[in-house]
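The first chain written gets the first letter, and so on, giving A, B, C and D; residue counts start at 1 in each chain.
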Amino acid sequence: MSAGKIKVAVIGASGYTGADLVRLGVRHPHMEIVALTANTHAGKPMEEVYPHLAGLGLPRLARNDEVDWADVQAAFCGLPHGTSQEVIAALPEHVRVIDISADFRLRDADVYAKWYGRAHTAPELQEQAVYGLSEHYREAIRDARLVACPGCYPTATLLLLLPLVKAGLIETEDLIIDAKSGVSGAGRGLKQATLFCEAGEGLGPYAVGAHRHAPEIEQELAVAAGHEVTVNFTPHLVPMSRGEFITAHARLAAGVTAEDCAAALAERYAGEPFVRMAPDGILPATQQVRGSNFCVLGVRADRIAGRVILMSTIDNLVKGSSGQAVQNFNLMFGIEETTGLMQAPLFP
Amino acid sequence: MSAGKIKVAVIGASGYTGADLVRLGVRHPHMEIVALTANTHAGKPMEEVYPHLAGLGLPRLARNDEVDWADVQAAFCGLPHGTSQEVIAALPEHVRVIDISADFRLRDADVYAKWYGRAHTAPELQEQAVYGLSEHYREAIRDARLVACPGCYPTATLLLLLPLVKAGLIETEDLIIDAKSGVSGAGRGLKQATLFCEAGEGLGPYAVGAHRHAPEIEQELAVAAGHEVTVNFTPHLVPMSRGEFITAHARLAAGVTAEDCAAALAERYAGEPFVRMAPDGILPATQQVRGSNFCVLGVRADRIAGRVILMSTIDNLVKGSSGQAVQNFNLMFGIEETTGLMQAPLFP
Amino acid sequence: MSAGKIKVAVIGASGYTGADLVRLGVRHPHMEIVALTANTHAGKPMEEVYPHLAGLGLPRLARNDEVDWADVQAAFCGLPHGTSQEVIAALPEHVRVIDISADFRLRDADVYAKWYGRAHTAPELQEQAVYGLSEHYREAIRDARLVACPGCYPTATLLLLLPLVKAGLIETEDLIIDAKSGVSGAGRGLKQATLFCEAGEGLGPYAVGAHRHAPEIEQELAVAAGHEVTVNFTPHLVPMSRGEFITAHARLAAGVTAEDCAAALAERYAGEPFVRMAPDGILPATQQVRGSNFCVLGVRADRIAGRVILMSTIDNLVKGSSGQAVQNFNLMFGIEETTGLMQAPLFP
Amino acid sequence: MSAGKIKVAVIGASGYTGADLVRLGVRHPHMEIVALTANTHAGKPMEEVYPHLAGLGLPRLARNDEVDWADVQAAFCGLPHGTSQEVIAALPEHVRVIDISADFRLRDADVYAKWYGRAHTAPELQEQAVYGLSEHYREAIRDARLVACPGCYPTATLLLLLPLVKAGLIETEDLIIDAKSGVSGAGRGLKQATLFCEAGEGLGPYAVGAHRHAPEIEQELAVAAGHEVTVNFTPHLVPMSRGEFITAHARLAAGVTAEDCAAALAERYAGEPFVRMAPDGILPATQQVRGSNFCVLGVRADRIAGRVILMSTIDNLVKGSSGQAVQNFNLMFGIEETTGLMQAPLFP
């Protein structure tokens, strides 16, 4: 256990993910935020960009090149994908990096290039990167210099499906992942689709068959399955700020029941502080995890014989982003894994 | 075409469905609302129960037994299921009935008893009842004395799936119907789950594997398929008042493409005033139909070869309930089908 | 009464106001939309910009200079303030104009310059413009070539206060107008403050002491009072798409009671189709007018002796904008004033 | 500073306030929740009533009479008003009580009887009770056996107005308190007005001139002013779960400016951990305090000379209820006042 405070920088602190990192970081007993960067807002106090973070004694926003990196031990990087790889490549070697962007999640450079429309510029860093799904890559994360935190959808989906696929309890063919997300997943950038009047009082799908979290899910399911997997991934935009829900529809392996799946998940996560089954008789719902680092899972038999309905929910900005980043930071610096992350969900 | 005004009663006018019927009915050129009933509110002016309906010259709420049925030509019945059958059985034969409850939707008395936990008390009426999915039972509806309007989920689902199942374009095995609904679908009754603080800012599934709209969907798909069908039907509660979205995940029949499905739906509904495909390049969303009687459909190829993602959206209170009831009323009384129903959606 | 259809253009059809005008216009029996303009979207079908308006047979969006104005009898102008004056000045004289922008609302050129930061470029048009508060300028509107529709806040405020100020029932000193609006009032432009995640699940004031609707309210109150009036106008942004609520706090004139105020308002609007008092015992709320052209008023005695609480609610996009514009159009073209505007509110 | 853990009971743990107390309490380093009571849910695990509180190792819900009070040092009481007084009167003397209900807030028994419609049954307890506005009754709270935590509206209002009234900076005549609250203020009880479909997408006032928080505000303002005060208190229901906003409109004392008010508030709260002025140039908004124990204040000059607009915002369930209760608990037990309460707000 590290005795003192680790000096951290938050790169790209003006996005929702950066702000949520700061929210968690300022109360973390072993974290000292020494730098916040946001090139377009450089020079401003953080409270001008995020008034809810006033009064916390935060450093002013700065440009990346204004930071004295000699003084920084860890950097959280919340930049948009595409920019992270160059910024991270330029950091001194002693800075350990928890990347929340998508830049280092895909191990296969060709898959990256296909989905992100450009070649990766830091392939050697990619090779070092550890996929930061804390509950499944814990040991590798401890020693990593660069952790690539999973996307929000992959986090919720993989926590749900990996144990079942690994154990061969569900088939990997025709895996339907019907996903629902709050609007904060789209970030703070100005887009017509995320205006209050556009996203409010309504629901619709987006990026059907084309969402960049699909290859990330497939990459990890393939590791678990031992063979290539192609999934249906159908995200929907829900009129709520935070929260993500995965409804996965799967065919059970021969002889397997929904109860078997529930038991396998319960067993796999029995010792985990952040992942748990929904209480008896209660279905998971995003309201059960809002503002927290928890993931709640649920299983129900389908009306169609031999099929199962698998459910998972997280707060996309916490377990799906900043919270898992802090969890990985804890692992990397030998701090008790739950430090700074045990806030109970905010309901209502 | 009927020249004058048809005298109608709205039975169970204090529910959301009844209120929406009144909203549509007061502007319908061939409808005269002569009675509104709601036993628990009998004696009150409608504006006391629904202030948004003030100033419309509506009759006071009355008990069912206070209505002079001799003067009534048509009755809309928006009572909770279970009560409708008795009330409707007691109506004089000359009153043509558009039932919005679930009581006469299931043709098989055993299926009804299984899902509603009691034997049907008016099986002879059940036999006369015509299933009121306007676009698919139009001719039978014209001559019916009793029309059983479909549930909201079945309406959106069957408009989407019936033409494809009939044409054999999709397989009926492993049909996944992942559904999302606004809160008004749960009615105005007091339930903890539909309080603002419970349903707001969150999403979760409910009645997984146990929703009463499943047997209704299966009944009609079986007619189309020519054999029994069992579906996965997984509804979710969305923090919005109105709107319903169906995301159906299906395996294509051999040799069939998503484009074939889209073409088949476009062709089937080419002449229909209320059902249409989403504009090119745009996915359906509930925002496109709010407050209107329209249904918008969409089709996308799945990333999994041989599969298709089928989408449908309606306003659950209009096309999914009161609007379709008015559409059926128009059919029954020889009025132009679109009368009183052509309001454009309300957005934002 | 005009027998046939008036040919209209909607200038600036890509804003929320333009879209709502189209929603109302397509069902108006005496209106034919022959042109929709939006320079930045010129060439697109309207359904690409507003999918909820698909299937209505609308003309494609065009640039202003592409319209054949010879064929147009009336133009609704929903452009941002500042641009309207030039566009309207360039229209041929035979085109009667219903302007929904702020450009012609302020009669005093100095006041305009002060609040809008630039001199008015069409002062001669300004002199012809009639302030389009339908219930209070009805006769002048009938004959106007150019009607300047009031802002949404002034509409709700003036319908409430004008009769009381005219009759000397309330004092015009220390008039507090605490206003609350849904987010659609801010338009479809991309602003951080109107993102779902920023405006959702929260409320705050904006433009305190600096909102451009204040001088408009003061202009009309001054006419009614016969002397200058300065008001407190404090708007708040509410997490809802549509709806506006005015809570005005006023001192009663000597000897006047809250009941006197209520009676005066009831009497003033007794014959008006769109303005009415809330039902007995019920307070006004935006839910009572959503999607409709109605305005609902309420009056309560204050706990402080000699003071009164005055309330008014409208749908900001309908009575506060497009609906009142259509009402004025009806007046200008000798059409029954309520034509196309009698939809009952949409609730829930 | 107390070294160990104080054993606490939460009486009335099934309400939103009780749940929020548990949320805060389980992470409080000096609090051990040994009993949770809720007569109607007695016997159930807390997670059945509040699934978001699963996995926290909480005691089962019990009846009040099942609690071993010998083991309890402090009781939080979140019962509905009217019931608290009897329950608290029955507690053993060694149990120190933090009451969140309204039962002990009004010092004057006649005022209580008038507003709550019944005589107080524990007037001797009432005399001991200390009004728990932490920042203004800190010393008395430390020694109190019974603390009556203020209502949510009084908390936000009094933090804003007390220093100004005490200093004579604003007049106490014609004080307008236009208040806005999220729906959670109405509790978890089943009421039509707080259904999602009723409260959603709309805003309206309620309890105008009749809200029970008015006499509480007046009681404390009278203490500060040295004379009776009657206020206008006009609450509105806002479609959000949490958050409360006060917009107070006041006349300045002769020669006083809005800047003077801002300076006085800034000075008064300079050393306070939970109350602060909004950042320069930024208006307060509920989004700045959601989920936290902070109160943010703002001041703006009115357009009317000699008047000022005063603003205050809190999370009604935290600083307005459970958070302030914990703050008082800390004071009563000699624990650092901010313990367990320094979570940064949750945004978005």
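The working rule: contacts are C-beta pairs under 8 Å (C-beta built on N, C-alpha and C of every residue); 3 or more make two chains touch, one makes a residue touch a chain.
Bear in mind that the values here come from a model prediction, so they are computed numbers and not experimental data.
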{"item": "Winner on C-beta contact pairs when A-C is weighed against A-D", "value": "A-D"}
{"item": "Distance-maximising chain from chain B - centres being C-alpha averages", "value": "D"}
{"item": "Centroid spacing, where centroids are CA-atom means, of chain A and chain C in whole angstrom", "value": "45"}
{"item": "Chain C and chain D: spacing of chain centres that average the CA atoms, whole Å", "value": "39"}
{"item": "Where chain A and chain D are represented by their mean Cα positions, the distance between them in whole Å", "value": "35"}
{"item": "Numbers and ranges of chain C residues touching at least 2 other chains", "value": "16, 184, 197-198, 200-201, 239-242, 285, 287-288, 290, 348"}
{"item": "Touching residues (chain side chain A, partner chain C) in the complex", "value": "16, 183-184, 188, 190-192, 194-201, 239-241"}
{"item": "Chain A contact footprint on chain D (complex, rising order)", "value": "16, 19, 22-23, 26-27, 45, 47-48, 50-56, 184, 200-201, 241-242, 276, 278-279, 281-282, 285, 287-292, 294, 296, 317, 342-348"}
{"item": "Residues of chain B defined as touching chain A within the complex", "value": "173-174, 176, 178, 180, 182, 197-198, 200-206, 208-209, 214, 230-234, 236, 238-243, 245, 247, 249, 251, 283-288, 290, 300-305, 307, 309, 311, 313, 348"}
